[in-house]
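Everything on this sheet refers to the single structure shown next.
Going in written order, the chains are labelled A, B, C, D and E, and every chain counts its residues from 1.
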Amino acid sequence: MDQIILQFLNGLDKGSAYALIALGLTLIFGTLGVVNFAHGALFMIGAFCAVTVQRILTLSTVVEDPTKTDFLGNPAKISTPYVESWFGPEMGAALIDWSVPLAIVFAIPIMVALGFIMERGLIKHFYKRPHADQILVTFGLAIVLQEVIKAFYGANPIPTGAPEVFRGSFDFGVLIGFDPNAIIYPYWRMVYFAFAAVIIGAVFAFLQFTTFGMVVRAGMADRETVGLLGINIDRRFTIMFGIAAAVAGLAGVMYAPINSPNYHMGMDFLVLSFVVVVVGGMGSLPGAVLAGFLLGILEAFASMNEVKAIFPGIDQIIIYVVAIIIILTRPRGLMGRKGVMEE
Amino acid sequence: MGILEVKNVNKRFGGLQALGDVNLSIAEHSVHAIIGPNGAGKSTLLNCLVGKLMPDTGSVLFDGQSVLGRKPYQINQMGISRVFQTPEIFGDLSVLENMMIPCFAKRDGSFGLNAMTNMLKDREIVERAEHMLEEMNMADKRHMHSASLSRGDKRRLEIGMCLSQEPRLLLLDEPTAGMARADTNNTIDLLKQIRDQRDITIVIIEHDMHVVFSLAERITVLAQGTPLVEDTPDKIKGHPKVREAYLGETQAA
Amino acid sequence: AAHSGFTNAPTGDTVTLGFNVPQSGPYADEGADELRAFELAVEHLNGQGDGGMMSTFSSKVLDGTGIMGKKVDFVTGDTQTKSDAARASAKSMIEKDGAIMISGGSSSGVAVAVQGLCQEAGVIFMAGLTHSNDTTGKDKKANGFRHFFNAYMSAAALAPVLEQLYGTDRRAYHLTADYTWGWTQEESIAAATEALGWDTVEKVRTPLAATDFSSYIAPVLNSGADVLVLNHYGGNMVNSLTNAVQFGLREKQANGKNFEIVVPLYSELMAKGAGRNIAGIVGSQNWDWKLENEKGDRYAGTNAFVKSFGEKYGFPPSQAAQTCYAQTLLYADAVTRAGSFNPCAVVEALEGFEFDGLGNGPTLYRAGDHQCFKDVVVVRGKENPENEFDLVEIVEVTPTEQVTYPVDHPMFSGGALGSCNPGA
Amino acid sequence: MLGLTKKDFTLFVVVIVMVALAPFLLNPFPQGSSLAQMFNAGYPDLMQRFVIFGILVIGFNILFGLTGYLSFGHAAFLGVGSYSAVWMFKLLGMNVIPGILLSMVVAGIFALAIGYVSLRRSGIYFSILTLAFAQMSYNLAYSVLGNPSSNFNLTNGETGLQLLLTDPRILGQSTTPDGSLPVTNFFGIAMRDSYELRLGDWLFTFNAGYYLCGIIMLISFYISIRIFRSPFGMMLRAVKSNQQRMNYTGLNTKPYTLAAFVISGVYAGLAGGLLSSMDPLAGAERMHWTASGEIVIMAILGGVGTLIGPILGAGFNEYFKNILSKINDSVLHQWLGFLPDGIEDFLVTIIHPFVGKGWHLTLGLLFMIVIIFLPGGLVEGGKRLGGMITGRTRRSAKAEAKQRNHPAE
Amino acid sequence: MNTKPDFSKNANHAATAPAFLSVWDMHAYYGESYIVQGVSFNVHEGEILALLGRNGAGKTSTLRSIARIGTPEVRKGEIWLDHKPLHTMSSYEAAQAGLGLVPEDRRIIQGLTVEENLKLAQIAPPIGWSIERLYDLFPRLGERRMQEGVTLSGGEQQMLAIARALARDIKVLLLDEPYEGLAPVIVDEIEKTLRIIKDQGITTVIVEQNAVRALQLADRAVILDTGGIVFDGTAAEVLDNKELREEYLAI
């Protein structure tokens, strides 16, 4: 029983990552009709925003320390972060410690701007082109973004810690009457879950309670007619893209402490997030979120030893098996809209 | 018994009774028009005949065989062709190719793996398609990309495609909508000629009374999913209920 | 190239070596370090630079005039850490550029695949970073040699240290990357720890493509285990270790003992990627740049190499770099001693070759399987690293005898060296 | 001629000549020159790749170019074909023919099964179904079915399925007399045998394996022309254009799409079989989604739905993949050596991020440039070039691009 | 017949009031096909103009050019609406300047309900009739307000398309074949509606194959043939001119 609860919690967490990435993807993919292979790269850039903020905060003055030598026998250098010399050691250390949450503030304008530039400069010309062309150009862009990051940050993962207070884990089992250590759950993952919930809620609210979502959907179905009704659909598409990029980026920022960011993390997530979006059903935001959680939880359950004992290797293919079953039994995924990308 | 027997067909969309107990018998070699207000269920009825929709209840017999539950392509192979209300053609293909496809379907059945013959060397098919284009007055457009035809031309092409299959039952959903008067007249002539020369039954839905009255031998008026009256054109013209519900003053005048 | 008895026999005044390293993909940084070492080795062979380990190497036939008077040229390629791509890249070096020796790589799958290719094509393969038992076990090849240590040796070196640190009454939980290297690593470390008296609670395979290990880590604490062994490398290891620390495993108690994590194979880059999560965690390395400073002259060559490398590139070399550098010198030396570029002559010169002064202490290239035998370094993540190059501390150096095994050891059985192939 | 129109026949002859003379065409620079290292591509492995990937993409184009069904899992068939062929070499013997035949049959069966299920959906749903099947195959091949210590080692995991001295090879020999692995051959002609022709400083390599692949590619290409021009091909284009109209015209779209899927699966299997025949090692990465993506990319790069496009796309991709990654700074210095030192260093610094370990960057940029400026791929580029030569305006080429759904050359 | 009467010469430009919508020498292309070949005409405020011609004459293309849709591409020409240069605007700006087009295939938006289709029209200024008022005009739409727009019958869709145009505060209404596919009673009704619209001072350009009906409604008529204007005059002139009717309208 404790195992099941434990894996359920894990699933929720995996699910919130999937849901968050799929959400941004489906905004572009399901509403603008663009197959955006660069979405994973946006997620990755979000994570590197966290890395960058950490780097900026740890920028240091470097002085030689004659008492020590470095590996070549030269005098060693000691470095003091500027923030520590400006705000005092304690405040400075706290700032560095909180670099990931601070990165959110930094990432929003960057990601939105990146989204705008991408849409205006590139994607705009591809709305009417075949999906295959969109795939190629965004895939090319993804590679370029990825390689640029690699050129600056290297291929190795870069540790990016959560603030000290969120390190460690919470003994959830004790709370509901299990033995200590039976069900533990890291604090930062709870934060991630809560954050995902807030973002998902905010995006829903925005699209549900404003007419923006309707206009964008309409614009995707028939740009020409929407233009005839006096609506500047291009601008809305751009905004939509900016939002989607920001969602992807924020998902990345918050993900940085969970797994050290590396330049190819976007590609690792890309295919899965496409599967999630499609399983959820094209054009459906709730579908994407639902599918994200469903697949996350199933994946967590499939990794249980008991399950693997019966179906060896099931954890490697569970997502695909489930995707196939769902798409075959429900023609448009869980909650897909008719006609969206069915041709 | 007619070539097409529709019995007690019902179709609901959610709360809307689109078709209620439709009974219809269409005599072989006749031209039968179905008219009625917009939203009466005319297109829905056709959809039930060609396998696009499955009626909730009732039966549809074509030449004594039930069409219900068959796939659209099977129904077509039984000899029923349909022209849609908004033109359905192969936009990516040339006009000639559009015309060749039904010819192949007619000759080779619903599937043929003839991957190693050159389609343009298939004289029989090409000639047939060219002939049909000629008949539809479109021969000069044979190499045009069919998506860039004007709408009237698209519709003519579609009619030609259906005719080239030599169907036994031809269903036309507003074939002359949007067609210029001259072409409408041509189409009327063409349909008349086909009716006279071929072994064919035509069911036509049309709002253009000029077309209806020049072609139809019998008319069924459908209103709110149910046949209101069925009679000869002259009788229909004078029918007070029809005038009120459908024709209005101008047409009747 | 013209044929004179063997593939790509050098005819002009240069000889071409092929350095096949991961330049893209997750191991690109490791590949870059390997490439730096190769370039340095070529420089030294051609008489530029300070000569590095050439001056400490026990064999003295290399004189800085290239190899047998031929200037050393090299070509590079990208393995992408994929067997197919690595073979394609090696093929192009052999077929197009006339490379006579291929070296490099950062994974066992690639090493085995390229080694097979070199055997068939008739060139020498000097493996780069490959740690699976199979490379010199069931997939060994006459034309291939490995300077790096292997999973068995890691386990054998770690066992006494683990015993000393954590005792003999431990229950271990294994998480293993589900591919060739992971399997041999798991087999080796489980056998070695079980020999100490440890129990193995569970061996769990994790998908190679996994990026988040939470659902594998979470059940560990409640399984009755008190040690977690992470048979992961590269990004897998960085993520699984980070996850384990997130779940608070380091601070927990189990069976009345402190919960411990062991990472059998360490690398400098992994340590960097895992950041402070690595603190206090034990693992093994083929070599470390601090060896000579901390463990004395036995590891002569280390400082010479660190100096040339550090001066050229500004940071200390990784174990991958040291391996690739040593492989290049060893090849050049063997050719010179054999007096021929013929692969069969080179094989003969390398088989059973004993040497010293390349940073690992006295070393033997065993004839029976082309594995080299030398001391293994056991390291531990530093609690308070002073700089980014100083992430691990040396706990122990396990001497050669303890990590040596017979050629027909069951973990290495199933293959045959075959005979050397000069190609053409 | 050969049942082709004059235009198609001319195209076919051009391709035949290109394939036959490739060893010359691809080695324009004298051996040993610095330009050779950068640009010469006339070595057996790469030439084999050009034609093998050509076959793969020609087959993919029959499905995608004609029916518009975008399979994102085609690499699975390539992989299955590769494994099948290697198994033949392990069990039966080193003649490539049984291996190639088996790879086609097995890939065909796979395609039938996967296609039958996946074709129940269209559009993006279809793409994801094929992707899911391929990723499943990949994951199973990479670990579950590839553990050497289990009894069921079908794929040998990460390392890839390879030949062993201990393989049975019942129709051949397990080991050669001198203790090596036997090599793949075509009735005695070893695939790696080459005839080298030296003309002055130039060295041209004529490789047996390449010519075998080349001939098979030409046959595949010929068949694809015939398919494009056949009623069957037209039906496939009709599927892409309007399935609804097809159904109401009495045509059953399912068997058409399934046939196209299986044909393209067999092409992929054939390509896989040939890859293994040229180099008998089959790795699981061949089935990874990025490999499937690469097939899609090659098809688009060349020009979707065109006849020659797949060959161009495959050539372009393979060429840059193999060449760019091998350029390192020392090659650059050699190449730019004639320049004054300062300029040389400057240029090397500029170019450096785009080659060697930065080759992905260049490839990504090239993809973007081609697709942004040549919607319609390299074929479109060729047409524009042709248009410029024959003096037609750029505008009319554009107008033609609008109609590019027609089969072009 | 090669002695076509040149009706364009007697162009009835001798307008008393200045033109409200004015199209001057407009040339438009689909790719390289030259479709609208120098069309000029004027419409006065509150007037109904019938734009007639055979299939493929370029009527739709002319309306689309005026609405600035982009296909066909207008390479030359000026369009002025109430002193504003439409030819410099994009389609949404033209719409905001008071232009409304009811396109030939109605273009009801997939995935939106009837009511959402109407709401969509009221997002950008200027807003016209209220949705309730539109439902009063077309009660059938009111009954089906929550139904998905594209599942309406053909005639219902046509009503929705007109209603959608009226939901905006338009100055000029361009109608592309508004009677197509409608039952005669409904045609009567729409005609009535168009008269109501005219009484409100809205200027209308109507393209229609049912030329007689269109001419009965219109004040003036322009006849197009192969992309050029062959007649410009009053509606009554066309009805009286048998030659013209037979040649271009087959009536």
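The definition used in the following text is that a residue touches a chain if its C-beta (ideal position, glycine included) is under 8 Å from a C-beta of that chain, and two chains touch if they have at least 3 such contacts.
According to UniProt, the chain labels map to these proteins: A, D = Branched-chain amino acid ABC transporter permease; B, E = ABC transporter ATP-binding protein.
Nothing here was measured: the structure is a model prediction, and the numbers come from that model.
Graph distance from subunit B to subunit D, where chains that touch are one step apart, equals 1. Among the remaining chains, those touching subunit B and also subunit C are D.
The chain with its Cα centre farthest from the Cα centre of subunit B is C.
Looking at A-C alongside A-E, one finds more C-beta pairs in contact between the chains of A-C. When chain centres are set by their Cα atoms, the one at the greatest distance from subunit E is C. Averaged C-alpha coordinates put the centre of subunit A at 48 Å from the centre of subunit E. Taking the mean of the C-alpha atoms as each chain's centre, subunit C and subunit D sit 34 Å apart.
Chain centres here are Cα averages; for subunit A and subunit D they lie 34 Å apart.
Annotation: 29 Å between the Cα-based centres of subunit B and subunit E. Not a single residue in subunit B touches at least two other chains. With touch defined as above, residues shared between interfaces to two or more other chains in subunit D number as follows: 139, 143-144, 360.
For subunit E, residues touching at least two other chains, in rising order: 33. Residues of subunit A that touch subunit E in their complex: 211, 214-215, 217-218, 221-222, 224-233, 283, 337-340. Residue ranges of subunit D in contact with subunit C, taken from their complex: 32, 37, 40, 43-46, 49, 139, 142-144, 147-149, 157-160, 162-166, 175, 178-181, 183, 205, 279, 281, 283, 285-286, 322, 325-326, 328, 330-331, 356-357, 359-360.
Looking at the complex, you find that subunit E touches subunit A at residues 67, 69-70, 90-92, 95-96, 100-101, 103, 107, 109-112, 116, 119-121, 123-125, 164, 168. The residues of subunit A lying in touch with subunit D in their complex are 35, 122, 125, 129-133, 135-137, 139-144, 146-148, 151, 267, 271, 274-275, 278-279, 282, 312-313, 316-317, 319-321, 323-324, 327-328, 331-333, 341-343. Within the complex formed with subunit A, the subunit C residues making contact are 24-29, 32, 178, 202, 204-207, 209, 211-212, 214-216, 218-219, 221-222, 235, 238-239, 242-243, 246-248, 251-252, 254, 269, 272-277, 289-290, 306-307, 310-311, 315-316, 386-387, 389-390.
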